[in-house]
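Chain nomenclature is as follows: A, B, C and D, assigned in order of appearance, with residue numbering initiated at 1 for each chain independently.
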Amino acid sequence: MAHEHHIPSARFMTIILGLLLTATALTVYTALKIDLGQVGNLIIALLIAAFKAALVVGFFMHLHWDNRFNACVLLYCLIAAGTFLLFTTIDMTSRGAVDPWRAVTTPPPLVDNARERAIADGRLDEHGNPVDEHAEDHGHSAESDGTDHGADHGADENVSH
Amino acid sequence: MISTLAYIPELLLASAAPQTIKLGVGLSRQSSTLAANHDLLFWFITWLCVFFFVLLMGLGIFFTIKYRRRPGVPQQRCVAHNTPLELLWSLGPLVILIGIFFWAFDLYMDAHVAPAGAEEVTVVAQKWNWSWTYDNGAATREFANVANTDVPVFAVPAGKPVKLIMTSRDVIHALYVPDFRTKIDVFPGRYTTLWFEAMEAGEEHYLFCAEYCGDQHSQMAAVIKVLEPGVTAGGPPANIPWQDELYGDWKSRMAFDDRPLKEVGATLYITKACNSCHSIDGSVGTGPSWLNVYGSEEKITGGTTVTVDENYIRESILVPAAKIVEGFSNQMNSFQGQLTEREIMALITYIKSLSEEGRVELEAAPAE
Amino acid sequence: MTTTTAHDNGHHGHHDVSYLKPKGGALVTIWDWMTTIDHKKIGVMYLFATLLAFFVGGVFALLVRAELLFPTVTNAAGDVTGQIFDPSTYNRLFTLHGAVMVFLFIIPSTPAALGNFLLPLMIGAKDVAFPRLNLLSWYVYVFGSVVALIAIGLSGVDTGWTFYTPYSTSTEGEHWQVVFMTLGVFILGFSSIFTGMNFVVTVHKLRAPGMGWFDMPLFVWAIYATAIIQVLATPVLGVTVLLLTLERVFQIGFFDPALGGDPVLYQHFFWFYSHPAVYIMILPGMGIMSELVGVHARKKIFGYRAVAFSSMGIAAISFIVWGHHLFTSEGELVSAIFSFLTFLVAIPSAIKVFNWVATLYKGSIAINTPMCYALAFLFTFSIGGLTGIYLGALAVDLHLHDTYFIVAHFHYVMMGGAVIAFLGGIHHWWPKMFGKMYDERAGLLGFTLVFIGFNLTFFPQFLMGANGMPRRYATYVADYEPFHQASTIGSWILLAGFLVHLGAFIHSLVAGKPAPANPWGGLSLEWEAESPPIEHNFAHEPVIHHGPYDFDDVVPPHCDPADYPLPEPIESDSVAPGKHAH
Amino acid sequence: MTTIPAHDNENAGAANWERYRHQPHWRNNQDEYDAAKFGMWLFLSTELLLFSGMFVAYTIFRIMHTETWGNASHHYLDWRIGAINTVVLLISSWTMVMAIRSAQVNHQRALRFHLVVTILCGLFFLGAKVGFEYLPKLAKGEVPGSAFDYIGSHGYVPSDYDPLFLGLYWVATAIHGSHVLIGVGLLTWCLLRAGKKHFGPKHFTALENVGLFWHLVDLIWIFLFPLLYLVG
């Protein structure tokens, strides 16, 4: 069996690159200029990204001319990831369907802690407004490491429902 | 280990502890309205499985004996697949199982949809104890010994649905009442609900924590006591008459507990589960022991030392992480907003009563 | 049948000696084994490593059972009885029992030990597709185990083998233990991925000429389905454990509500891998079962295609049922969907059991240790499978979730299924792997002890669980004491059974009789090779003349026809002893 | 992917890639090549599933905290850096394809040139990400968890779930960045082997597999860029 690999022509590949770059420009343009609401923007962005992904997978990764089995592997992988996404999303969105109590969540205290620290060391005045005179961000570097367990772990009682 | 060996004869011979709760092999008592329907499905599945199991094992053992290998006797030729038979034994069980699915889903929805007008009780689970608060503010003060620990007894009315609205203060727990055949996880930062209707008044039921939550997960139990929803015994206009039966005398004075501070402190030591970490006999647990702690010098992580006085105890109750005694980890939840001023004083008085210096101070200036 | 010209590469001369023959002094042999890319040697190394892990996990299990012999009681005098370990040590014991058994033993055991050894032999290949990747998979397994052992050395974790958050991300005093254990699991995941990749490509590309998909033994089908699950599910465990470590170290907050995340999201991440993982555990066991029942009953497997496709069916459906582990924590709509799909996944397993029992019909059933384990598998796996129906039914799961009923169910499926099949498989292929026979009487004694001990340990747990005994309890209400005592006594009998097997294996290695090439009269390709097989498996490339289960038409290789008489052909146009007579 | 046995070098003047012979357990080079590519696609599917975890978390948190996602991404992330990085990665994918093509037509110099350009693009991507995004964010305390120390600026008050969004941003881009780093390492290895003429019309398996990995890294970024930087 001779090696009958399909060798793509340079011109064809450059056209594909051109398509990809224009699609990138298009997605940036639509994101900044056109506002179709959060869901609309998401769908447009995902469609363009899917088109670019198809170009890369189909031609740059040679899947179009490969034997069918590599495409099957990619397909099974996307189906598995899709199932994972689908059922997890159904669960997370339908949590309060039967009993509204189950959809109530309490926000984490992280931002409040940051604001209290800022008030304590003077970057904010007591009721949380930025101190005006030299308002440039001289924020000190993050605490030594992320493992500081100072924050109270139990979500305290300020339930907003 | 040695001490255990010495007790083996006694433990083996002693019948299981006096059975407050009847427990037969055929599932514990059916004490909630849903338990009966659940057991119907449970036994249907059981007999279905027994039938198929006996059929399969019978055939297997029969074939093994009938066709055991005898020297010189070959196996008999026979067809190696039979599509109708194979279809039968794959679609047949499927139909039965789908039937079980719908039956179970129907019961599941009954268990998850609380009837209107159910008694609402707020339940807070935290590392290693349950605390129920009824909607008129009453909380339990009665205890029972379950699995070697003092656990609270919660009252529920007979014949009236009760809906528990639950959240956790630290990790995931799960409220499980075997006799009511129902269970739901309790999440931090989120609410979950569970409802049941107890049938027989006067019965007591175990309540276990079913989601692993740490060291004393097996001690995080409680007892549910079912009461006659009796007529109000002349107490204040509580809108839940059945509570008066259990707490009649105590409930009316719930707001202001005129018992001596030391006694109230001793009760809080159990109801707020201080006993799960702080011992009063000197033994070191997850937290320092309270015996002879009042007035003593304690070394704090970070090198400073502090005398254990009223302010230190109050600060450790409200902001535990502030000054942690050397060698202990920051595991204590804050009790901010959970204890009235008088209750904090009661706890301080109780701690004082546990040390010589404290007792001297109490005689000198009674706290009342 | 195409007979290919057996072309052998040049340097085949000194390769037709047993793969076990040392190549020189002790050091040379050790170096040869440490750097081998021979699938047989890697399979044997995996076998001994996973058996060692099994005994370590087993010790933890025995300590757990010993603690539960008596409930903890503080009598009037204030001294505590019935407690060997304090609760936090007990929690570490059951966590490490779970973690060691799942990640170090049962996931790699059959696929990597027996699968590595037998897959190339059964499809007539010289080695797996990527031999060096196979060795890398072994060293990643060793490295991952070492990292996990570091965590155990540092006093271990007490979060349960499921590492549920926010407990696992907020326990005090265990920071580095949890980080090391999760990193160990992350590394072990890659060992599973590499093995899975290797087997999928091997089955596709390296089958002997003339061996179609339906001429392969059913063990190869099961290993192929397991490999697909390993490739598609293990990465999600990788990302879950990686996120858990990052959450623990950098507080990224995906799973801890105090940082904005959602613990149920972690449970979805974890169980999306862990349910397919339980099929990684049982499918190879089912593959072994098809071989054992076929060879020892000398009967063509009833419904070969049904059994093969049910392996693939299990692999496919296993990805859409993970939610039945979350029935008490997820929403109602998705619980209903998962409960319905869970009943679908029960069907392929049921089909397999029905086919195995049908295979026994009109067979010639030999009673030896492998066949005893096969019949025991039918008994215990049926109980394990049938009790799954209780847990798939939503209402009953509300009662039984996180009780000892669940502990009994998964032990009946994992130990009663995968471990008993693994023991049957080890006995079945022991002569082929080591060229030595094991002592039949010791095997049967070990089997009897294991069977009795297993059932005595885990059947009382069904009763306890149905009566509401919750899981992972260091002490319990006195009402459950008789069940716990029966279970603990059963665990001692189980220990005795495994020690008998260990002694029999060691005796066989040291002083066993040399084994014939085909002791059981098997027809699949591995029985055509010598025992133990030569370096390149087959002197000349095997040619496929008959299917793996054509016992009615073909006298097994290396066997005396008198021992394996053939039934006379049926008078009507008898099925010619063709290649695909199925 | 195999090293050429040393003793083959001296007896033939032809370049190494001509004398490559398949491993003993294969029947011919074509089978080995197909198997290697099939194995690589299996590995790529495991990488995709690794990132699927990130995309599932993104979707769930976007649905649960839509308003935070609405303005957080515009405030914290600068789309210009993202756009430049996307263009750089697309160009590097193109040069990768040209590298494989030159190997197939035996233009050894073009092969080395394209490999170098791809490596430079990768390094630029990493430099831009760390220099323009990670370090300034660290300085301003825009990090997840209790180290979150950002108090908002120009009238933007951080919402409760901003640390979560930042957690997602940091984890997704850091894991993607580590894969870009691994890709650059693999490309350097290919460059060294290209120098010894290991790749040619008859043997370029390793080069193509590294190319597939590099395209995968670009593929992940094609989805990460709009989801994190643009749409928010």
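In this text, a contact is a pair of C-beta atoms (placed from the backbone, for glycine too) under 8 Å apart; a residue touches a chain by one contact, two chains touch by 3 or more.
From a predicted model like this one, the values you see are computed outputs, not experimental measurements.
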{"item": "Labels of chains that are neighbours to chain A and to chain B", "value": "C"}
{"item": "Inter-chain centre distance, chain B versus chain C - centres from mean C-alpha coordinates, in Å", "value": "36"}
{"item": "Centre-to-centre distance between chain D and chain A (centres being mean Cα positions), rounded to whole Å", "value": "17"}
{"item": "Touching two or more other chains - residue numbers and ranges from chain D", "value": "34, 38, 42, 45, 49, 52, 56, 60, 64, 143-147, 160-161, 163-164"}
{"item": "Where chain B touches two or more other chains, by residue", "value": "109, 112, 170, 188-190, 330"}
{"item": "Residue list for chain A, restricted to those that touch at least two other chains", "value": "69, 76-77, 80, 84, 88, 92, 98, 102, 105-108, 110, 146, 149-155"}
{"item": "Every chain pair meeting the contact rule", "value": "A-B, A-C, A-D, B-C, C-D"}
{"item": "Complex contact set, residues of chain A against chain D", "value": "1, 3, 5, 7-8, 10, 13-14, 16-17, 20-21, 24, 27-28, 31-32, 38, 41-42, 45-46, 48-49, 52-53, 56-57, 60-62, 66-67, 69-70, 73-74, 76-78, 80-81, 84-85, 88-89, 92-93, 105, 107-108, 110-115, 117-118, 123-124, 130, 135, 137, 139-143, 145-146, 148-151"}
{"item": "Parts of chain A lying in touch with chain B, wherever the complex brings them together", "value": "98-99, 101-102, 104-106, 108, 149-150, 152-157, 161"}
{"item": "Of all residues in chain B, those that touch chain A in their complex", "value": "109, 112-114, 126, 165, 169-170, 188-193, 321, 330, 333-334, 336-337"}
{"item": "Chain C-facing residues of chain D, complex", "value": "23-25, 31, 34-36, 38-39, 42-43, 45-47, 49-54, 56-57, 60-61, 64, 143-147, 160-161, 163-164, 167-168, 170-171, 175"}
{"item": "Residues of chain C defined as touching chain B within the complex", "value": "70-74, 78-84, 87-88, 91, 158-160, 164, 166-167, 170-173, 257-258, 262-264, 297-306, 328-329, 332, 335-336, 339-340, 343-344, 346-347, 350-351, 353-355, 357-358, 360-367, 375, 378-379, 382-383, 386-387, 389-390, 392-396, 398-399, 401-403, 463, 466-468, 470-482, 551-552, 562, 564-567, 569-570, 582"}
